[in-house]
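Chain lettering (A, B, C and D) follows the sequence in which the chains are written, and residue indices restart at 1 in each chain.
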């Protein structure tokens, strides 16, 4: 079973139309990704960024939204690794309302492995690649 | 020439990697869309939502990011109408660093015409369709 | 012991100075308040707002920040009820870095009881007052 | 006349109660402060932070809110320097709805002069003190 991060829709996440402001879902994706690192990869995302000086900026994003979320909804954001290249990795996200079987949002983003000091793209270091590839097999 | 909204990267828009947190760009898209309504369509977005009770929730989003933005960058977000159906409309966005010819971000979102009272999809009312189609021709 | 909500500093909460953007703490206060309602008062905040049609807009806020927070910090936001009037209630917040005894942030906000339909101030309904006063005694 | 920054309430700034989510005002304060630096002090805030390596973290904040703001409101955020010490400076903010004489929000924050490299408090450098003191006299 794929990793899921449980989140709550917050009072301030709602927009003038009374549903979750859609840019908030990209924030939820990132929060869930941080939880995926801590809970599934066994390394905190801040350790990757601050200690190993590796960044994962998004170069492509796509997302389908089939039903909106309201204040009071509890959500689960599933995170998977969909694909991995030498210098890039694709994460997949599915957002469920708690208790529902079908996701209301399905998205993915492609990120590249960035040397945070030179701000240049680089190959994933071996230790990091191994960690990530293990998830690729499992999910 | 397509409509452009001038925005500034703000101190709080930067993330731990020292560049703009990518979900902020979806917020910038929305801010630019609101400016597009006011400046190009001649109707405030809040009038559409609050007076005409029409919402435009996003059902599909895609975006490519070729270069990051830093604090201090002035940006221009171009907004176009790319396509229009009976109940949906696609907006295109291109984000330029001021003074540059090539966009650093190119995105689009498909939104549907929603009756804000029933929260059901509906055909665009004629007055609104005419307003939007005029831009479709022009851009 | 007063109620505490455990939160994590997120990648996107950091500003250009490399510490948490201070307006985010007001968001954390609100998130912790929502958790306080669910976990301590036994009623979800969204039920108060959406079902009982009671709002609690902030009319006064004050806050002291003694040390900043960084990405990777786990925090605990303590919420107490400090004072209660006929139409207003004061919440107190203290933000701790996990494992530390002294709070890095101490704040409070005064909110008023608002009829969400008329948008007018009103006396707290009895059921709500009783719920809140019980916490006032306990904390 | 004191410096004012013109801002628009945005679709995503609204909370579940249908008014501006109060933490957003602290963000508006910061945006207006950035505009104050560029427009009044003649130096971009990012130049202060990134080139001169000076930060101004908030150590105290207080704010009174007398009336809420809605989507569609245009606002003006007035920024003044209220007080200046050797290592700290107090900014005052008043938020007006366009066309109104009385502010709906009045706030202030005390910030300290921080060496961004050592992350230690320091005296304001002379050039910066002169720039700021000039505003203190004028406003």
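One rule holds in what follows: a residue touches a chain if its C-beta (ideal position, glycine included) is under 8 Å from a C-beta of that chain, and two chains touch if they have at least 3 such contacts.
Bear in mind the structure is a predicted one, so any value in this text is a computation, not a measurement.
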Completion exercise
Relative to chain B, the most remote chain by C-alpha centroid is chain C
Handout entry: Which of B-C and B-D has more C-beta pairs touching across its chains
Key = B-D
Practice task
Could you please state the distance in Å, as a whole number, between where the Cα atoms of chain C are centred and where those of chain D are centred?
Solution key: 23
Completion exercise
Cα centre of chain B to Cα centre of chain D, whole Å, reads 28
Exercise for the section: Please compute the C-alpha centroid of chain B, do the same for chain C, then give the distance between them in whole Å. Expected result: 34
Handout entry: Overlap residues in chain D, where contacts from two or more other chains coincide
Key = 11-12, 16-17, 21, 23-24, 27, 30, 46, 49-50, 71
Practice task
Spell out the residues on chain C that touch chain D in their complex, using ranges where they run on.
Solution key: 16-17, 19, 21-24, 26-27, 29-30, 46, 49-50, 55, 57-66, 68, 107, 114, 116
Problem - In the complex with chain D, residue positions of chain A that touch it - result: 11-12, 14-18, 21, 23-24, 71
Completion exercise
In their shared complex, chain A is touched by residues of chain C numbered 8, 10-12, 27, 30-31, 34, 44-47, 49-50, 71-72
